[in-house]
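Listed below are the structures to be examined.
Both of the next two complexes hold chain A, though its partner changes from chain B to chain C.
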Partner chain A sequence: MNSGAPPLSGPPKPQAKALNCPACGTSITLRSFGQAETVVCGSCHSILDAKDPNLAILQKFEQATRDVRPLIPLGTRGKLRGTDYEVIGFQRRKTTVDEITFYWHEYLLFNPYKGFRYLSEYNGHWNDISICKQLPLVEGTFSAAPGSGANYLGEQYKHFQTCAASTDFVLGEFPWQVRVGESASVTDYVHPPRVLSSEELNKEVTWSIGEYLYGREIWEAFRLPDSPPEAQGVYENQPSPVGIDLKNLWLTFAGFAVFLVVLMVGFDVISKKEPVLHETYQLNRADTRGEVSFVTDVFELTGRTSNVKVKTYSPVNNHWIYVNYALINHDTGEAWDFGREVSYYQGYDSDGSWSEGKQNDEVVIPSVPAGHYYFRIEPEADPTLPGIPYTPYTVDVRRDVPVAGIYGIAFIILLVPPLIISLRSYSFERTRWEESDHPPTPILQPSSSEDDS
Partner chain B sequence: MFRKLYLAYGLFVLGTAGFAQFRGWSLDRINQLKNVPKSVRDNPGSYRSVYSGYHHYTGGK
Partner chain C sequence: MTQPVANCPNCGAKIVFRWPGCVQTTCEYCRSILVRTDLDLKKVGQVADLPPDSSPIQLNTEGAYRNKAFVVAGRILYEYGQGGWNEWHLVMNDGTSAWLSDAQNEFALSVVAKAPNLPAAGQVHVGEQFSWNNQSYTVSVITPARYRGVEGELPFQYWDKTEVTFVDLRSETTKFATLDYSDPEATLYLGEFVDFDGLKLKNLRNFEGW
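Here is the complex of A and B:
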């Protein structure tokens, strides 16, 4: 007895049966205690009738496939999902699509009290498979019609693919009459992480349900050395790494967006938008020698620390005016210094009429405490401009105004996580379904001229 | 788990947006100075804005 292997649970303790291969004489151990229909000699690859006391030879297959090695050796015992199992059979199966042959491996697990279950492996993707306890309801066309599906135990499965699968290598024991070269029609329906499969052979349909497993879970269950082969690509029932209910996520985002609108409307209502200064001045462009800067009367900013909006308007036409502002606290000497340009150009050319710029400008000074303030204003304009030498401009100052940009930025920041996750999920699902009978429409369609050439 | 994180993240963003509006934050860049002399009020020319001499666009199309 292998002392390193975990014992199978529950009395009485069944005993494995030892026989010899009638073809090569090699010792064969039957582990499924009379439940096997066929057993394969690991030495000469004869498929033997396990029900026959003399192990009659049913089939011998090519030994060219001897290099096929199960990742979990036959006889390995482990505890999978709380139940002890022993690996008693292994088969390699294949299907050919568009002249490309795909291979996958199936391991037969046995527990004398629980019966059989299966592990399948394709490119590092594993599935824990068992026979369905009740017949699934198939919707739509049975085979590969788009939109067809199946319902099992109240769960909806989408048709993924239908293919002809054949066995090309077997090892160990099987509770059915296994044959190399035997072909069955296999249809898979998916609802990640589960896959519902029907296998039709000689007009007999067997339904099985599989659940995706990660290689490391198998390695831990069977205490296998090294590490499992890395999973390649996306498998049909592989759970999305995003693992998030996108509908809920977008609903949460919608809730935030509504709250943001409420916040914006609320602040718009409670903002004082208090007029502080509204004056119109004239800039004499012809006066190039005198000091053009001046100060306004002192005004009071009241209430909590809040912003101040300065709006500059000037009826310039194909002209500009630039105003240097300094909002100065009369008591502390603290100042907010900035310059604003108002420019507006328009005309007519071969493309039609055009215009550029605006006759007004707005700026919001952030977080100005209450206090007594005045503005120092220093306007500039082009002194060489012909015509009336005066450029009028109006300065309008308001205290505590709503800033729409804050909500715009908040909206974008709220949008980023669901957008990134949705794109990741879309990309993953697209890759998944590219391998199905219903591949997604290519994003870039080849042009007909390329097809013709 | 992620939904809870996103909930916390969203509430933080909304809270920050509300706080920003309440405290009068702005998206405009304004140069802030300390200790501007009181003489500016009597002699505005004694103060020169850091934005004086700004190169203006004089073209149009």
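Here is the complex of A and C:
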């Protein structure tokens, strides 16, 4: 473009306008350079026509709600998401549900280049709100039906609540015709940390999109003194403190579980499961002369340091056998002492047949280095048992076997964090939705004596 | 680009055209509305004092849209029940015209579009659907507006208006449409909502204290 155009004198630089309230004479500053439609006198709270050079009175202030004070004073400037904004308007709004009136506050922010933006505050919960540039897609004909929702920029929002919101108190200036007592139908759809709201007034629907902010972010942005009021309860679009996407969490868990299975199969494949000893012995129960222990032949455990599985089998029936083992390294004398019991009882009683115990027992000795070994075995049994005085028992020893148990333990340990996080998230979401038009069904029937407040 | 120069038939001030396609301009000194004829400029009216304005855009503001540079050459001002807005006439660097509407700092850029069978004024209602260029639009609001004035260069004559009806149509994307009933026949504008930062505007107005 050629810049040969003559220099324009141009209109004078817009300045914040100073005027006086026609009702009480207090000075009034218009901060939005002519964008205001109405301005409220900070002293007598009359609503004035900001477009009228004489500030005609549109509505006189009636109620004694002077105690309502904006947490961010009008005229305060702050930097929100990189843009400077000035607080130019404030309104308190209310809705009544089951005869309880809830109040929230809205702050109007202005930047002469970027336009308007809003902050809302309810019980210490804040939202940064701007007008939607695109039309959301509402799903379902009846927007307040449970499970209905809206889609905005490809994101799914769930219907939270529809209520009649009326303006209760106003301060400062607004780019629209604001009136105390005016009621709009407000519908909120949530997708934490965002909330999509439609506001219907005189058949005109305005959509806005809000994002949850913590009080401390507001305090930092506007450099406010002291600390923000503490947030109470869970707000409709408050991000879950869990802060983790549960789907990803469980996918990660599934990943680890698959890894465990792969590990298990892998070790099963590379385990040698090598038989090193298989012998059947007879215990002479009548031989009570004490010392019945004996040693086996020396056998070799090969390969890397690994486990040894000892299986004890005895066809006991309503009887027991106890075997004291010592696995002894022939070269170093190092010993692993352990005792195993095999017992099996069965019979009939009034409830039918029963049994207890097994004829098999197995134990795994971990981390046994390679070398030459033998067992010292010392069996015991009830010497008073009648019948054949011999109890046979078989000892089967294998080197390097896969152990499934540790995988189970690892699985359970892995399961704990996602389970705890999911439970916390579940309980947070319940608290959130209890405030909605679609409260969750109670887990337990409400008990009459308990008070959970 | 040529820079035709003429003198204001009313006050004699020099009139420089930023854009050869200009049909109408205003004299920035005496605020006469001037229409270009084959030979010279003819005064057709006078702009009353424009209402105080808070748009950050002004004549000669420059920017870019879809990699095309533009300069603001003129504007039409309207008022309606909820305030006023500007339709800034943009001259793109390929010589075409576009419109940047600024309603309370909500910016939307549109260009005139041809479509058959546009509804007549008074025959459109809110909620009605239309489809142009494979995009469906829903009538969101019908605004009776009041013409408040013009400034700078425009691609057509526009000075003797009073009431103008606008039909705004929204889509589920940032695209929107406007039916302009300035003339008996509707004029269709198709465009999209744009982000202030995305337009990379230069030579904006200064605001005291900002």
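As a working rule, the second predicted complex is superposed on the first by the 425 of 453 C-alpha atoms of A that agree within 3 Å, B and C clash if a C-alpha of one lies under 4 Å from a C-alpha of the other, contacts with A are read in each partner's own complex, and residues count from 1 in each chain.
Operating definition for what follows: a contact is a pair of C-beta atoms (placed from the backbone, for glycine too) under 8 Å apart; a residue touches a chain by one contact, two chains touch by 3 or more.
Keep in mind that this is a model prediction, so the values were computed, not measured.
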Which of chain B and chain C A:Tyr345 touches, first, second, both or neither: first
Which of chain B and chain C A:Pro175 touches, first, second, both or neither: second
First, second, both or neither for A:Val269, with chain B first and chain C second: neither
Greater residue coverage of chain A in the superposed arrangement, chain B or chain C: B
Partner chain(s) touched by A:Ile100 [first = chain B, second = chain C, both, neither]: neither
Which of chain B and chain C A:Ile388 touches, first, second, both or neither: neither
Where chain A meets both chain C and chain B, residue numbers: none
Touching residues on chain A, where the partner in the complex is chain C: 1-2, 4-6, 8-11, 13-16, 32-35, 37, 51, 84, 111-116, 131, 133-137, 175-177, 203-205
Residues of chain A that touch chain B when the two form their complex: 243-245, 248-249, 252-253, 256, 259-260, 263, 267, 291, 293-295, 304-308, 318, 320, 322, 324-326, 328, 330, 333-339, 341, 343, 345-347, 349, 354, 356, 363-368, 374, 376, 378, 380, 382, 400, 402-403, 405-407, 409-410, 413-414, 417-418, 421
For the chain B and chain A complex, residues of the former touching the latter: 2-3, 6-7, 9-10, 13-14, 16-18, 20-28, 30-38, 40-41, 44-45, 47, 49-52, 54, 56-61
Complex contact set, residues of chain C against chain A: 1, 3, 14, 16, 18, 28, 51-54, 56, 58-60, 62, 69, 71, 81-83, 91, 93, 104-106, 126, 138, 140-141, 170-174, 193, 196, 204-210
